[in-house]
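The next block holds one structure in the form of structure tokens; read it before the comments.
Chain naming follows the written order as A, B, C and D, and within any one chain the residues start at number 1.
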Amino acid sequence: MNFKEIIEGVYREVKDIDDRGKLASYIPELAQVNPKRFGIHLSTVDNYQFGVGHYTERFSIQSISKVLALTLAYKIKNQRIWKRVGIEPSGTSFNSLVQLEADKGIPRNPFINAGAMVIADILITHLKNPKKDFIAFVRSLSNNPSIDYSETVAASEKSVGYRNVALCNFIKSFGNIENHPQVVLDFYFDLCSIEMNCQELSETFLFLAHDGKTLSGTPVLTNHQTKRINALMQTCGFYDESGEFAFKVGLPGKSGVGGGIIAINPDRYTIAVWSPRLNAKGNSYKGVRVLEKFTKKTESSIF
Amino acid sequence: MNFKEIIEGVYREVKDIDDRGKLASYIPELAQVNPKRFGIHLSTVDNYQFGVGHYTERFSIQSISKVLALTLAYKIKNQRIWKRVGIEPSGTSFNSLVQLEADKGIPRNPFINAGAMVIADILITHLKNPKKDFIAFVRSLSNNPSIDYSETVAASEKSVGYRNVALCNFIKSFGNIENHPQVVLDFYFDLCSIEMNCQELSETFLFLAHDGKTLSGTPVLTNHQTKRINALMQTCGFYDESGEFAFKVGLPGKSGVGGGIIAINPDRYTIAVWSPRLNAKGNSYKGVRVLEKFTKKTESSIF
Amino acid sequence: MNFKEIIEGVYREVKDIDDRGKLASYIPELAQVNPKRFGIHLSTVDNYQFGVGHYTERFSIQSISKVLALTLAYKIKNQRIWKRVGIEPSGTSFNSLVQLEADKGIPRNPFINAGAMVIADILITHLKNPKKDFIAFVRSLSNNPSIDYSETVAASEKSVGYRNVALCNFIKSFGNIENHPQVVLDFYFDLCSIEMNCQELSETFLFLAHDGKTLSGTPVLTNHQTKRINALMQTCGFYDESGEFAFKVGLPGKSGVGGGIIAINPDRYTIAVWSPRLNAKGNSYKGVRVLEKFTKKTESSIF
Amino acid sequence: MNFKEIIEGVYREVKDIDDRGKLASYIPELAQVNPKRFGIHLSTVDNYQFGVGHYTERFSIQSISKVLALTLAYKIKNQRIWKRVGIEPSGTSFNSLVQLEADKGIPRNPFINAGAMVIADILITHLKNPKKDFIAFVRSLSNNPSIDYSETVAASEKSVGYRNVALCNFIKSFGNIENHPQVVLDFYFDLCSIEMNCQELSETFLFLAHDGKTLSGTPVLTNHQTKRINALMQTCGFYDESGEFAFKVGLPGKSGVGGGIIAINPDRYTIAVWSPRLNAKGNSYKGVRVLEKFTKKTESSIF
């Protein structure tokens, strides 16, 4: 059985399950997305591509962009970034603030909001024009100049992001934010507002399955750095559900509250899924199911 | 370059580094181990074996046995064990008790002490003679009838294990321990007292690199269950350093405060290291260094 | 209006309110008490005494005895006890274990369980026959040789007190318990099992309203020590409801899960109330109401 | 011995002790105060006044103004404010954020920063011109039209108050702040910047020793409300040291990081002390010593 048949099979199996997930309601703009949207797209390092469902419709990739921000910061500063952000899972979200206090303002990893803010702060310090330079980097990864921020979504988040304002000022109070919190927050909300479709997402992340090089051969990260980002996604990519994702799916990956998930099988493929309803842990309900079935049928868990 | 040369090279490189680790001092018996002991042993699914240093000298495997206890419980009860213990990383050790309170007595995963006590409780309930039946199971995995508990080490831990007594009674107060806490604690301390050498350790764990079957073909777990235990070791096997181990080494594994580490490369090999001095996170200082160098040189990180 | 009329009035007003409290159910023996019991007794430093309702029926004073244990330890060791137990409110019960961890085994105050265990440990170290000597002390305070422990209640608590076993062993792990945890726990459960009626309770505590002397003039504590114990009851006497009790009642006091409350008005009187149903914070529902009305009508809040 | 002699005696005893306290360094403007300043002033309900040292020199009253803000909010909204802020001690400062999370944005009491922000928010909603109306209220209490905010100190705090920005946005994220966080923070920093000298401070707070009426007879609060504010100061007025202050001094009171302390003896007097160096808990080192000695010598602890 090949990838195409397996993906079509999984798509059919999951399409009509009773989706017990809920739309991310705290961001006004995301609450309006059609909850029935459902797409899958696979890209292999052998240049095979296949998609089903709404795989060409763009959605807000949200936290998935944290991997891209980390990639650029890692490329620029290499190991020095780990003085300002950790590489350990964060336990329950419940602890985030008390952990930040116990850890004196050093976020546990770059994929929780606090850590992504520190990464955003690093990028602001090192990029000439952070917003412009970052999207240029993302476009170069995907070889797709039409990828862009959504001003509407960014504005929507800024209007209600009190908890993120709290977080960023809290880190600043420990001295682990260099720029003004408002500047960091604006860039952070921009990062989260990037929109892609499943095909673009799986293409953009292909360098992580390809030893750090884009399909056209452009080096993004070293082989070594690439493995480390994959390891980080494995242990920290799904909030409180990272362990469960490793357990059930067995691939490094990252999810966003827009309902997207990207997963990487090193040296083989990337797979992107989109379905907006989220489970209790904030990850796409159908998305997790798709990937669980997919790695089981393809026997491609890395474990 | 083959495994033998790489292991010999890594052994030489790490042997004389300035070992900044410290012996586990809170268990009287472990504090007396010769801190200079250092051994490595590799076993492959192709039946290749190679060891250097003190790889035939036995040591206390301590928490490493939590994987074996989990294996037996998983074999007996399958998915039902996950109602009583989670599969998520625990964040900092600092939180363990408050997390247990927040999670109403359900430990975060089976590799923290609290989780291993729940697994011990499950085994007590389901085994006729827990202590005898468990060691028989371990012996069958390793095909080695001489593996045994150390009564001295178990007694040494029992004499000072106030924090573990606290933990077990705390879980009992939530109703997630069925047997009397004293019975559970006695069995738990026995489990931790098992002794093996590096060769025995890498042989015992080979089933996890071999789709759940021992080298002689005896099924222990299903392929599916095996992948899940590996995933769990990846995300939770090294206390607060699980993220760092995934990041630097890139293999599922488990450490013990006796200074042992076992790591698994699915479908390829297991590798055991022993060096008693521990880093600040409680994992063998030299052991982590050895595995970091080994996966780098063999390019065998799973990521 | 005199005390008698006010107490009779308050008794009538509160007697038939809708008592939304619940019996302490976690101690089997206490769950069997008749929930309709309701008594009040006042003793003044001028030797006036008045009681209504079931004020001559004994009940389990439970945590109220922590004040008596502290009194004896304070008498024996004076200020040195504050090296082993704090004098600050504990915030929510929710934090108790994490606070104990943050504070390295020094309980926040002598009225939370952890603190009372440390006090029990001090008494065990300094008394020849702790159980016998302590009850002798209590009898001398009350001038009543019939006051005693309840073996049944103590046994009932011992059979289910897993959380207290956890607590005591946790403190021991920090080195702040000198004796064996089991010995400390046995004495602790004995202390909590003492039985008195409202009249005996108000008489026993009269020394705290009388500059540290019993009514017959026997010195128990210095004037200075007495004020300090009163201050401690004010800030820490009612678990998470200490602030609310100070706010509504305005007297130092102590409650127990048996439904008893003792309150002290320095230089004037003590008043004991008993009604077994407890509010959500573990304090007698009717008892708090009685004292709120009583201090309002007598205008005898100390604030 | 009368008040004058006792105050002079205490002043001499404490003046030259080895002051191990430290200036509040995190607010630039406060770090510049002369650390040798030391003043005491007493006002009685019988209209007796006496001061020593720098009792006529103004200083930043900081958190002491939280009592005045609470007074005005309590006067306007009466019991309804307790839906939005608690009346319990907060345990260690260490917990503040996690407690706020556990309590869903309801601060533990109105004297921790979080609680004072909610009070500030209430005042903003109910006052026509909050800044102007509040200082008018304070002037009316003290009968002193020259009392004012310090724009310099307020600006100094605003420039570094990241942690307070974090706190206010965090509460807002729970919905317990009605106005824009920036507006609340500006008013909050203004409140903290009020300056008084010891004499003005003891006069301003005299209504709390006088059944809620100013010395000239103007009603501020009811007798009942007054007792409650005193009770609240007793249990929550000194951060983590509230228990110790009750224990050693035995009076309700409130401190500020400017080095001021006000203490109230209901129906008798108020006493203000100022000495800028703070102990480890953030309360005036000499101030606490003065009050401890004063209540001991006057035997006027309320306990």
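Basically, a contact is a pair of C-beta atoms (placed from the backbone, for glycine too) under 8 Å apart; a residue touches a chain by one contact, two chains touch by 3 or more.
The structure displayed is predicted, hence computed values, not measured ones.
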{"item": "Touching subunit A and also subunit B, the following chains", "value": "none"}
{"item": "Copy pair subunit C, subunit D: interface residue numbering same or different (half cut)", "value": "same"}
{"item": "For subunit B paired with subunit C, centre-to-centre distance based on mean C-alpha positions, whole Å", "value": "47"}
{"item": "Gap in Å, rounded to a whole number, between the CA centres of subunit C and subunit A", "value": "55"}
{"item": "Distance between chain centroids, defined by C-alpha means - subunit C, subunit D (Å)", "value": "32"}
{"item": "Subunit B: positions in contact with at least two other chains", "value": "94-95"}
{"item": "Which chain pairs touch, all of them", "value": "A-B, A-D, B-C, C-D"}
{"item": "In the complex with subunit B, residue positions of subunit C that touch it", "value": "94-95, 97-98, 101, 162-163, 165-170, 172-173, 181"}
{"item": "Touching residues (chain side subunit B, partner subunit A) in the complex", "value": "86-92, 94-95, 99, 102-103, 108-109, 224, 226-228, 230-232, 234-236, 240-244, 246-248, 250, 252, 266, 296, 301-303"}
